[in-house]
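What follows is a short report on a single structure.
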Amino acid sequence: MVDPRYSNLLPRTLLYLVLALFVAFYLMPLYVMLANSFKPLAEIRAGGLLSPPEDWTVTPWLAAWSSAAIGVEATGLKPYFLNSVWMVIAAVAISTLLGALNGYVLSKWRFHGAGLCFGLMLFACFIPFQIVLIPMAQILGMLGLAGTVSGLVLVHVIYGLSFTTLFFRNYYASFPDDLVRAALIDGAGFFTLFGRILLPNSGPVIVVTVIWQFTNIWNDFLFGVSFADADSQPLTVALNNLVNSSTGVKEYNVHFAGAILAAFPTLLVYVLAGRYFVRGLLSGAVKG
Amino acid sequence: MSAEGMAAGLQRLMPRLVFSPSLSLVLIFIYGFIIYSIYLSFTSSRILPVNDWAGLANYLRLFKLPHWHIAIRNLAVFGSLYITFCIALGLLLAILLDQKIRLEGGIRAVLLYPMALSFIVTGTAWKWLLDPGIGLEHSVHLLGFTNFHFGWIKDGGLAIYTLVIAAVWHTSGFVMALFLAGLRGIDEEVLKAARIDGAAGLRLYTRIVIPQLRPALFSAVIVLTHLAIKSYDLVIALTGGGPGRATELPATFMYSYTFTRNQMGIGAAAAVIMLMTVAAVMIPYLHAETDGRRHG
Amino acid sequence: MRPTILMRTCLAVLFAWCLIATRAGAVEVEVLHWWTAGGEAAALGILKDRLKESGIDWKDVPVAGGGGTQAMTVLRARVTSGNPPVAVQMLGFDIVDWAELGVLADLNETAAAEHWDRVIPAAIQRFSKADGRWIAVPVDVHSVNWVWANQALLDELKIAQPRTWKDFIAALKKVKDSGRIALAHGGQPWQDATLFDSVVMLTGGPDFYRQALIDLDSEALDSDTMREVFDRMLVLRGFVDDNFSGRDWNLATAMVIRGEAAFQVMGDWVKGEFITAGKVPGKDFACFRFPGTENTVLFNSDQFVMFRVGGEMREAQLKLATAIMNPKFQSAFSVIKGSVPARTDVPDADFDACGKQGMADLARADAAGTLIGSMAHGHAAPAAVKNAFYDVITAHFNGELDTEEAIEELLDAVESVR
């Protein structure tokens, strides 16, 4: 008989080969962006996109960060970074907390009509954002939040609620009802139950929700450009101004560097927290 | 009423009290705006909303526009291919990764990272790669294979598929993670029992494993459908709707009529039709999935 | 416990915003525009510095993308929310549309005091005034019926400046036969339409152009002249390379600069690309009017539209208007940007050969009544019509429609948006 270790060898090799091909496919765009962000502009113009840089330079990165023209002032992306950070922290924190409370209510306190409410929130995922702009602007104006970070946070919280509620509801649905019942018998109230029993066990789903929200809000352009004013424009708007300018020499190396800089926080989150992300999914965050 | 009675009453009210702010936000800012859009679609609004009643005029115009029909057809092609390929590829990758692979963490990170990038960045990067003059085709030519031809993005009949490539690249890793989580959640005992019954290899997957992934599939379908319908940034960055009108999608159509062409009424009518279509497809599915599980 | 930490973070963030929100400053004018790079941004920088001298701070709201369409979306959100910028860069019929909504300022006092009526061509005033009221300040004039050519390539192939359609085709053929790309073109709707503009002017002349593209006369749109225009577009399509689709205009220009292609038909903003690449007009590259359109100028004019504001903002706004109309500024601005000044009384001393020709052409066309708004750039018809034209021109140029179908769809489209 053939040793099972050898009978496995061929399929295993094939398996790794297939995976390697996929890895190459997924890495290609990132490679192109990285490689070209380290080339001088002349080299990009002259050569192929896929060739590695011959004449390494970090100038494009420095330019994208602090000296490229974003408007009348050549400030680079730097000043916009903090705008995005403030916005994202607040919007992610609030929408996650609300999502957790909603999920808790919808899964553990099934009041009359809870199913309909959940359905209403779920369908809200599909609203095209284009139809939101004008009425939203009207309401922000009425609230006095037009052109402020607070207004932008409000918008992101509202349109993130569907997904955060979905995540938490599904996670809590698989949380043992016995534990909840026991706590209730012990006299735990609504918030005690949430704070003492459910929340401490919500690590995985919080990771998933925070990553999801962080990525979506950080990458948003439409709301940022429409509802922010000069002082609160987020990073994506600045990136657009850098990359999409109508005239002038297109400095592609700077554009690539800028794109990676703008994506850096989300990339970092995925790479650092990726393991917890899958673990979070695994523990039921998006299971039924 | 005693203080305790009031406290108990408050406790009973608490769930609704806590849920009501979110619900009112959703009712106002989602459903209120949908109603507002329906109203707008019956007015002659152009640059900003106005209150002139126009009846069905916008809908009649909308369906006379060749543009709109192209956009709808493109969404059908793009949406179905995008969702199918993401799910197929995601499932395949999840199964491959589930074979006790070395370096699983690293590979997973590589497959997942595109999801961290915005569609604008995704579109821009792929626009470069797919451009025959500077991207893949050019690079392969430099290697000496001058017969290689890959100019889909410049071809009106094929450009829509480049959208699919870029979009699948962006999201399939995420779908993989969903399925992987699903796979890992399957009870080992069930698998053992199935193996004892003689199920193995492909049969084990088609009969036992894949049916158990239904909840993961549900999440994937929701995420993918919402991304397919909202695909605006990707089109703008990758093809700008071209060549010609070959990659126009309803989202770009709505945006352009509402904001670029100053025909807000038609844009609103398009949005209403879109939402109704989505509702017709998704509501039965959402209902079956959320309900089925409650009984199951 | 976790929720309290979350709450505390939220409170801290809220508190920080309050600090940001209440930060006070000098008089700031918010200006919304889409000039975010290169010569354009530098040119605006001059304006900013001039304002600073009169004690006004320029608050920049740049929104690039789509030749200003992105900025117009933002403007709608800003106006709807009751928070309009003080001044907004705008083009052609967008200005007319906004004027109808009654949200713009009245600049008549300043205009009268500085005699704007006398120095701005009437064709441009058409867009700066609504109901006899000055509402916008023109900063420059671009024109789109230009051909840009690589001089070395022309010399090599012994091509002289073509002045008729036949000459132009002969020249294009010569280049194509030599193995080079004859016409550098970017396949984006607005670029296709820019080419179309010139072909209409060449084929039908100014009167036909007005009838068809400005008055939208269905007889003119359905005429044999229009059929010839579409047929000629297909002829030009034959001289464009296969990879043209989606190409940015500046990449097409780069092809001319490098000598891979001979000609590009595009507005005078192209000049900036040549200059930045260290090329000299009249020596390394040639600029001439599209053949057969030598006596006309198809223009598009950048204007700053002033929104109605109150109090000290209003004062600052008028100062901004005065600064934009300053002849020295108009000259300096256009020298950097590649346009010509909107004022016709500005000396041409600082301009290069192409700029001097542009200024002379503008004055001549103004006098002869052949200074006409460009359809492709929103100076002939409102946005809905313009985009309906785009649809048909682009679909036809990409072979989705033949000439008869194009005419039919054009009539339908114009009818439906009239």
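Lettered A, B and C in written order, each chain numbered from 1.
By definition in this document, a residue touches a chain if its C-beta (ideal position, glycine included) is under 8 Å from a C-beta of that chain, and two chains touch if they have at least 3 such contacts.
Just so it is clear, the model here is predicted, and its values are computed rather than measured.
S.K.: In terms of C-beta pairs in contact, which of B-C and A-C ranks higher?
M.R.: Most contacts of the two pairs: A-C.
S.K.: Please name the chain that ends up farthest from chain A once chain centres are defined by their CA atoms averaged.
M.R.: Of all chains, C has its centre farthest from that of chain A.
S.K.: Just the number, please: Cα centre separation of chain A and chain B in whole Å.
M.R.: Computed value for the inter-centroid distance: 15 Å.
S.K.: For chain A and chain C, let me know how many angstrom lie between their CA-based centres, rounded off.
M.R.: Whole-Å distance between the two chain centres: 36.
S.K.: Please list all residues of chain B that touch 2 or more other chains.
M.R.: 48, 259
S.K.: Touching at least two other chains at once: which residues of chain A meet that condition?
M.R.: As it turns out, chain A has residues touching two or more other chains at 133-134, 136, 240, 243.
S.K.: Give the residues of chain C that touch two or more other chains, as numbers and ranges in rising order.
M.R.: Expected reply: 66, 73, 76, 80.
S.K.: Would you pull the chain C residues touching chain B in the complex into a rising list?
M.R.: Residues 66, 69, 72-73, 76, 79-80, 97-98, 100-101, 187-189, 242-246, 382-384, 387, 391, 394-395, 397-400, 409, 412, 416-417.
S.K.: Spell out the part of chain B that touches chain A in their complex, as residue ranges.
M.R.: 11, 14-16, 18-19, 21-23, 25-27, 29-34, 36-37, 48-49, 93, 96-97, 99, 101, 105, 107-122, 124-126, 128-129, 134-136, 138-139, 142, 169, 173, 177-178, 180-182, 184-185, 214-216, 218-219, 222, 225-226, 229-230, 232-233, 250-251, 254-255, 258-259, 264, 267-268, 271, 274-275, 278-279, 282-283, 286-287, 289-291, 293-294
S.K.: Which positions of chain B touch chain C when the two form their complex?
M.R.: Its residues touching chain C are 46-48, 61, 64-67, 127, 131-133, 151, 153-154, 156, 239-240, 242-246, 256, 259-263.
S.K.: Any idea which chain A residues touch chain B in the complex?
M.R.: Residues 15-16, 18-19, 22-23, 25-30, 32-33, 48-51, 98, 101-102, 105-106, 109, 111, 115, 117-136, 139, 157-159, 161-162, 165-166, 170, 189-191, 215, 219, 221-222, 236, 239-240, 243, 255, 259, 262-263, 266-267, 269-271, 274-275, 277-278, 281-282, 284, 286-288 of chain A touch chain B in their complex.
S.K.: Using the touch definition up top, name the residues of chain C that touch chain A in the complex.
M.R.: Those residues of chain C that touch chain A are 1-3, 6, 9-10, 13-14, 16-17, 20-21, 30, 33-42, 44-45, 48, 58-68, 70, 73-74, 76-78, 80-83, 248, 250-251, 254, 269, 272-273, 276-277.
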